[in-house]
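Two complexes are shown next, each including subunit A; its partner changes from subunit B in the first to subunit C in the second.
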Partner chain A sequence: MAGSGGPLRFVLGRLAGTAVTLFGVAVVVFVVLRALPGDTITAKLGTEAAALDPDQRAALTRYYGLDKGPVEQFLGWLGGVCQGRLGVSLDTGVPVRTLIADALPVTVELALLAMLIATPVGVALGILAASRPGRARDLTTQTLGLFGLALPEFVLASVCVAVLATVFSYFPDPGTYTPLTESVGGNLSQLIYPALVLAVGLAATIMRTTRTAYLENARSEFVRTARGKGVSPLRVRLGHILRASLVPILTMTGIQFGYLLGGTVIVEQVFALPGLGRLLLQGITQQDYAVVQSTTLLVATAFVLVNLAVDLLYRLLDPRTR
Partner chain B sequence: MSMKRRSWHRAACAASLLLTATLTASACSPTPSDDDKDPSGKGGGRLTVARTGDIEQLDPARATAFQSVQTLGLVYDTLVDTDDSGELVPGLAEKWQVAPDGKAVELTLREGVKFHDGTPFTAADAKATLERNMAKETGSVVGSYLANITAVEADGATLTLTLKQPDASLLTALTYTGNAMLAKKDIDAGTVGKKPNGTGPFRWRKWKQNQRLELAANSAYFAGAPKVSTVEFRVIPDEASIASGMQAGSFDLGILSDPAVAKQVTGAKAAVTAQPTLAYHVLQLNARKGPLAKPEARQAIACAVDRQEIADAVYFGQAKVTGPITSPAYPYDPTAALPCEPGDTAAAKALLKKAGYPDGFELKTITMTGEYSTSTNIAQVLQAQLKKIGVTLELERQQTNVYVDNWMKGKFDAAVALNGGSVDPYLIYNRYFTKGASLTVPAGYDSPRLDELLAAANLTTDKTDRTARFDDLQKELLGQSPWVWLFANQVYYAVGTDLKGFKALPTESLEYLGKATVGR
Partner chain C sequence: MNGPLLEVRDLRAAVGDLDVVRGISFGIAPGETVGLVGESGSGKTFTALSVMGLLPDAARVTGGSIAYEGRDILRLPERERRSLRGAGIAMIHQEPLTALNPLMRVGAQIIEGLRAHGVPRAEARRRMLDTLDEVGLPTPDRTARRYPHQLSGGQRQRIVIAMALAPRPRLLIADEPTTALDATVQQQILAQVDRLRRDHDLAVLWITHDLGVVARLTRRVLVMYAGRIVEDAPVRALYADPRHPYSAGLIASLPPAPAPDGTPAERTPLPAIGGTPPDLAALPPGCPFAPRCPQRADRCTTEEPPLTDRTACWVPKEKWT
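For the complex of A and B:
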């Protein structure tokens, strides 16, 4: 597709593909949710559900709208989504749009903040390692990177919370979310630690990608040519090697960012942040169909759009892909 | 060149690290949350409670999750209440009178009580509420407890319930939050479950799903206005984070269920109270099939189980061994009626031999993952204990929904279960062991004797008579061992040092929040 047509055509083509992908996601999620044992009623009532007599059960089934056929349920929901109505949570009776509107900013901010911390650190460490391959600084950085990758998020998050609480008697306003617009300090105090926890693994990934790309490009001919032409070392590094390495770095960053948008479930659980990950997790355990369906669709859309944005950036960065 | 290169790298690193540091530092600047202080500056103050789940149902009739029941219990009142020891005491009904033949109950309602929106509470509201709960289409989870009521009449401040037959447990059923009093106008308008409007000590103020719920003191509460101005519930899904929050002094009260987490709460800012509840841990046996159909086989298992050892291992010795009846009003030696001393493996083996299984047998045992966090731990200790007599528990850990489905259909040989209790023993076991009741399938056992004992116990309102009959019931249950009762469940309340006057209750009610103070 690249090469033929302008950026507009490229974008339109991709968007059409996106629509098909998203429809597929919607169908799969719908089917999988219904295939789970039990339903909203057993999820809510637990073993008490057995105590319901048939009439009571029928009343609750009607109440939760589960008496409709699956096709009717699916089309009803999808039709609503197309008109911007995301359904109503069976669990709380609250519109899913409201739930997502509350949860989305938390996750987006958390993802952005984590990227903002991890990207410069990862790139800087990657260059640091690549500047002397095989030497002490490379080995140290690589070991640190491995450690960062190997350390499970839940361990890091739990330790972080426990240390803050026991050593510093600090647990920043837990269980709630203060928007950035309300209080910058309050907001950052809630999000900085979870963002740092997320950033550890991210920075490690970015560091490794940077190192590899940088090393590869440093050996390439255009770098040698540039050096031979007497371009200053700083410009060679910034303008040539790093610039050429940006494509893989960006790809990795984009993919990671997409994943983060999908919900940072563990970190949100441990730090008690009401984000998308938690909304989704709760929706699944409660078999709250509309919540899970609409949230996954949104996350999938975001993931696809982030990837599209990354692809567009390639075209900007690397003339060969235009 | 090498100099230059190094300095460039350093500059790049320094710049990025600096950026990170700035971000971190700006976030760490102290921003004490004013929320924790009393906004009015007057006495009272804000009481913050941390728990793992949010309220999920605003209609008391449909609420089952204990977070919902607990919260709605603060907003709504019931006609009858229970005191700390589980005895019935007046609620919105000042007094009640059971007719000599037991077929009618007359309740005299408190006058001058108002709903939070200002509507006066009358017998018409009580009638509308009970009729709503009795109607099948409401899907009320407490509706079946009202099945004996044939008519509800409201006359001035008097509410009369006409019954099919005497029903001694009915008054206890009226203490359930599911039977909390709603305003007739809310029922008629269909607004029940949208915005709670009760007569309770706290008014509904602000709710942000999955984050926080704020209740405000009802200064006109009939039993005396709460001393705090606000109760705020925060949702902290991870129990360990609640423990951390307690240690950091972020909450006044933290509600925990995991004994291992409760143990972590140490330090000067909070202390943990372990409260036995009416719910109980039990190994349910399915006596309708296989070796367990033989009473001796079940008795052998009941004998081989060392309940205290499980309590020690899983609940660090804090859990209280219990018989079938958990209600403190009906005390009974939890192991007295067992066919042999608990933990007596020799006697257990002899029983197995008598049952025709000298080499033991295998039992498919289901346990629940997720919310019931100690289920598998209990099962593992049971597995080790029963191995000694050749009975092999084949554990199947199932996610809540899968477990519930199998449990409801009786698809198990044995099930580790945490079953809900009541202050009235009839309400605990009627649904399992009365013929045709709703939970007879998962009960896995039935007998005319149990059916008869339960029916007889519920016909009499005489305390001594009832106690004697429930003693018989316990004896029958322990002797036949359809299930192996282990110990009462524990809920842990991490209480901050600033919170005074809070008391945990076996019913898991948080009503003492209406009497507590927070001093900072």
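For the complex of A and C:
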């Protein structure tokens, strides 16, 4: 049934749109960074920057490449990115590509782990709430969900760290981060708590989406038809109501995952995990232009690609969109 | 079996505090076709959903009994009740697009109904294809792989009918199955269902507000008004000699039939029933039709007439003005 809107054409069309979006992101990040007061030199030297004489300052400006005009800087960086060169950290001199290669797996793993915990919990609670709307279990689940949504991540993360430190004598330490390839157990013991913290809000969001979609589909006529055929209640719930609810649940999950890739800044900071969020935060405080620009662009790309993947899955789940 | 296939006695159903079915009784014999007519809100669909056990969450049966093959299905455990649903009594709904699951291939939806009643997979598939052929869908194996949105309105309704008939029920409840379709498709579908009814010795309860459909397809008519049956009569008798003023009003509002040679009848304004449909939340004491009734007597506004000998009316036809 691949008509004029076949999947390949769909993907190509979307990728073209993506390129425009990403260019916009690049411009905005570049401008915003330059609009911040100070520059790499003041960030690096702090108050001592004031003691530089004009010659020293000019030399440093040239050294960091800040003497070029903004358009030249932007095009130089973007041109490099297009060829796979993400620039060099002005702060540490390490290539940004290396920094990202180290940080990306941490964030992706954290996001996946949080999703893996939040999705089944959220879907299960959503069904639980929707199966008896307005009754005790619905109200309990809904209240818990509101708490989950209302509780800021930094509070939950800080409380979690405090409890871990006082009760379990566990102190997060960025120096001792264990990659998954080194020790699965050691890695998971470091990632499970931040993943749980992230999962709370996610599960609440997924729960609410599931509840709404499930309730709406449970009332639909095709569910009445299925019951009228004598189909068992379990099959009606899973095969018809939940199946039809998967489309909105998947959309919500995909969007949340996209956010997670760029939005674990606080949790990574509190748990001292060397992920993209922390890299980005350090880059901003050091006004490390190449690091911030390239990391942001990467996160934006990932976000867009995740959304594209969701749309492709969507087409798979709902024949009407093919 | 000699007794009625379905025997409804003093059935009552309510949505919240609102009584929507207020004590109705009727029977359907095996192979019989019965029409259930009345305006929207008269309780036709709630009657059907009560029989199916598919009332929406807010509604429930509040009294009476529904016997299928002699057993009161309201007292059956849910599991046994479910085994009747689809296999004993099947229902087709008004809107075929929303009645079908948009995410499932139509063939799979028919097979699902057969599998629910223990038909083995291979046989279910064979019967699905046979039934698609029976309801007049060409190339069954291609049609079976379609999704509902890929079919026309008429094809979808044929799928819905195939889905209802594949498990070979003995009673089919057809709730205005053609209202959403074009006039020509309507006629084809009605004729198709009627043919299948004869082939399978199926009893059919036609729910409709279209008296023309009733005249063509049924032997007996139940006229519902405000949650009660006000007249229960053979279809010919009802047309020739309606005994309830509401039935008389319905028949008077039908366009006259064309003459036998085909020339259309003279165009005259059709009389309509005056007044507005009743508000179930604020029914008057006495007969609910009394406020709109041209034959109203004093007793009609104080005491609700029971259904006796065809009609629920205090004023005998001889005294009508």
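The definition used in the following text is that the second predicted complex is superposed on the first by the 312 of 322 C-alpha atoms of A that agree within 3 Å, B and C clash if a C-alpha of one lies under 4 Å from a C-alpha of the other, contacts with A are read in each partner's own complex, and residues count from 1 in each chain.
One rule holds in what follows: contacts are C-beta pairs under 8 Å (C-beta built on N, C-alpha and C of every residue); 3 or more make two chains touch, one makes a residue touch a chain.
Fair warning: this is a prediction, and the values are worked out from it, not measured in the lab.
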Clash-or-fit label for the pair subunit B, subunit C on subunit A: fit
Touched partner set for A:136, first subunit B, second subunit C, both or neither: neither
Subunit B versus subunit C as contact partner of A:35, first or second or both or neither: neither
Contacts of A:272 with subunit B and subunit C, given as first, second, both or neither: first
Which of subunit B and subunit C A:116 touches, first, second, both or neither: first
Partner chain in contact with A:82 - subunit B first, subunit C second, else both or neither: neither
Dominant contact partner of subunit A by residue count, subunit C or subunit B: B
Gap in Å between nearest CA atoms once subunit C and subunit B share a frame through chain A: 6
Contacts on subunit A seen with subunit B and repeated with subunit C across the two complexes: none
Subunit A residues within the subunit B interface of the complex: 36-38, 42-53, 55-57, 59-60, 63, 91-94, 98-99, 102-103, 113, 116-117, 120-121, 123-125, 127-128, 131, 158, 161-162, 164-166, 168-171, 173-177, 183-186, 188-189, 191-192, 196, 233-234, 237, 269-272, 274, 278-279, 282, 285-287
In the complex with subunit A, residue positions of subunit C that touch it: 52, 54, 56, 82-87, 90-91, 93, 95, 98-103, 112-113, 116-117, 147, 149, 160, 163, 167
Subunit C-touching residues of subunit A, taken from the complex the two chains share: 219-222, 224-232, 235, 239-240, 243-244, 317-320
For the subunit B and subunit A complex, residues of the former touching the latter: 1, 4-5, 8-9, 12-13, 15-17, 19-20, 23-24, 26-29, 31, 33, 35, 50, 54, 56-58, 62, 64-65, 136-141, 143-144, 193-194, 208-212, 234-238, 240-241, 243-245, 247-250, 267, 269, 370, 400-402, 404-405, 407-408, 417, 419-420, 431, 438-439, 441-442
